[in-house]
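There are two complexes below, and they share subunit A, which is joined by subunit B in the first and by subunit C in the second.
And now, the complex of A and B:
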């Protein structure tokens, strides 16, 4: 007897599917998810989770949180990050300490895997949501993430 | 044979006044053929646009909206592009059959259009075996598909064509039998008489339960006959490239593409004629204006076409074995039982008539 119950179940599930897509069809005018991109580039906002490029946030005193530990450089599977570091005398303790000179990020090599951001122990680097990354010259894709004259935020290593 | 070129009576009379009778009737036939060709080429293009728009709405997209107002000229532009493209082919193709195949497909689907009664007058070819003609002509198209697949000298194309053979030959049975179920009610194969008999209520009401079963079987089998998703084993983009028309380009590809959409229109138009009273308005509300029949006919057809698009954008695809199981183990037995039920019903006068 499973023959007839199969037919019944088949028709019922097909109708369930059709009612779902039918609802989408009726509401599509309000909720189209298409972005008509070049027309709305001024107002287009990307989602929080969107991976545009890796950036290093700086606060108002031009201080970032990167200690120069190089964990991001090691974590990156394709060598998109290069840390150029140096040692300098720390004013408070008077000891020599590692600090970054340049945090070089090659956007052209980056696959947006996010491993560097997960590896960073001090959350010094985060994702930015910008989406217009194309340039006419690929040297512009090599970026220095720490701003000139910036220094590490005090107490970030403790 | 009962040939009457209803819509051309005026054209024919006018031509008759200028040339001898034989020439005039041939000229009338040619002019009707040209009119149909132009109307349905354009209609096919707009069906493609409709499909793309409907697909977009089902998927919460916008669809074509750049060429012309609201994207209305999109498919025209596509057709222009296809006309201007180079016709490529494979080196070891069977050239003659390779070039012949697209015409087989498009001509067989255009031929089927001739018999539809768009209104009482607007019917090019009121043949007395109308339904039989439609069933017969719809199986000619598959020869074109088989030829295309075989002559392309391409494995994907051949597999696609063979699947098409399997599929069309199986589902033709169900299409034919479900239509015959309805013919039991009308007692005639002639489309104009089928419409005439529906003046007492559309056949889907007259035949109630078995008619509804026949309609469901017909829509499933009809969708399978047009080789559309969820029965698109023939094209199967994910596994066969483009199936039987992998090796075609430009206008020859466009013929296959257009034929698919015209076939969809034909399947819906047959359903309109046989189940939903063709050009008859519901309850005869516009009976005094017979030319409005065109809009009723097209309206009903578009609703059914939309139903097929709804199928396409909802259901997952079938495997080949599932496809054949559905036909031979479900549709066909149901159909045979249904036809007996319908016969008993007609015999006992259990039909509903207004």
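And now, the complex of A and C:
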């Protein structure tokens, strides 16, 4: 007897559950649950704090704010940042001063922990919201953040 | 009831099968070596190490700030709580007094993490026992929490928002509004979970009386979190050893005495209500103030041993640091909830069917990177 009552209860509770799914089937509009990601690229806007990749912003004079203090390199847990630096003569004071030659960023090693950006005293590196980083060749994931011919902005001291 | 004994010439023989490392029901790269006789399980031997990354050893290489982001990758579903555990250990060792704002924000984020983790668990557990719809509904609600995290912390899963001494930066201006929206939304959705799955007789038949763990066994196996509480073992770290702002809020510890899979299920559903309750008590009055206490750029812990435990979504996570006074720890040990919860799988599933093993495993809520580290 309990066999039949179990079947009855099973069907009844199944229909109770299907009242929930049926409600969504009838009322939800297109895109209510699914994110239409590759189709909405034009309008997709990431949150401003989203950690996509590390970039170094340059102004219109091709000047960045990196003094080459290497604090980001020290803070990085897995060696994603390598700074190749040099000494140059400061034009105003005439003294020798550290400057970056190349700020190398290995995106393939980066875990997006954000410690380098926290450590930077001059806000020279920031997060970019670009997240489509797949490439066919992993060497393309090694990036030089400072542009060719760029120099540090005047008056930036760490 | 009469039992008919079928006399047959066929010889029953035990044999081995591998469940995993690529089995969908193991939720990761866990290999279970099953000794079975027909459909009856005789023995389960978990084989670990497929996703071992030697996080504990890597911690000995890193500074105390850098350790935090590695713990994201242990139990990735409660990564914020893992971060908090390491930060609390370091802060206790340095005897830092944190601002109230940090404590409250950490507590809210921890509870959001717990809800997100249980949402995902509810979805995949339904899928394990054959209900595909739960997966989509669980992920729909988890998505809202992920958005909150993405806006405030910058990442959806591996947040790394805690640093020793506070938070990396202040919460986003939209944080309070979004959290309130989520709570209002989820209060209407959680009863739907019950309508869809909890009351279903087919589901209850899969769950009730399956994988029974007694309270004594729960204690002797070191079970913690919802697994221990489903057996009536009061083991909530938030209640017994409050950290952050848990001493300021009132909440009930979800306890069920039955010890079967359904009890563990009910405990987790109850915990989602309690988490919402905790967030509601805190969200309206987040105290103003700093979000960081100044620490040295190179943190050196005093010589000694330090231990701190927290309640993650899976149970009790303990962080044990031995310091010799240098900038790196001498030894770091994580007491992960998943490992001890896995150890009792052999005890609860032997004698049952393979289908029941899947149901038992689903309610243990194992996260394999947490077990292997």
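Assorted remarks:
Rule of thumb we're sticking to: the second predicted complex is superposed on the first by the 123 of 158 C-alpha atoms of A that agree within 3 Å, B and C clash if a C-alpha of one lies under 4 Å from a C-alpha of the other, contacts with A are read in each partner's own complex, and residues count from 1 in each chain.
We adopt the following convention: a residue touches a chain if its C-beta (ideal position, glycine included) is under 8 Å from a C-beta of that chain, and two chains touch if they have at least 3 such contacts.
Here the structure is a predicted model, which is why all the values come from computation and not from measurement.
In the superposed pair of complexes, A:17 makes contact with subunit B and with subunit C alike. Within the superposed three-chain model, A:36 lies in touch with subunit B and out of touch with subunit C [touch as defined at top]. Looking at the shared chain after the overlay, A:25 reaches subunit B, while subunit C stays out of its contact range.
Touch criterion met: A:51 reaches subunit C, while subunit B stays clear of it.
Once the two complexes are overlaid on the shared chain, A:77 sits against subunit C while remaining clear of subunit B. Of the two partner chains, subunit C is the only one touched by A:118; subunit B is not. For subunit A, the partner with contacts to more residues, out of subunit B and subunit C, is C. The intersection of subunit A residues touching subunit B with those touching subunit C, taken from the two complexes, comprises 14, 17, 20-21, 33. Within the complex, the subunit C residues that touch subunit A are 62, 65-66, 68-70, 133, 136, 140, 147, 150-155, 158, 160, 163, 168, 172, 192, 195-197, 199-202, 205, 297. Within the complex formed with subunit B, the subunit A residues making contact are 7, 14, 17-18, 20-22, 24-25, 28-29, 31-34, 36. Those residues of subunit A that touch subunit C in the shared complex are 6, 9-10, 12-14, 16-17, 19-21, 33, 46-47, 49-51, 75, 77, 111-115, 118-119, 127.
Residues 54, 56-62, 310-311, 313-315, 330, 334 of subunit B touch subunit A in their complex.
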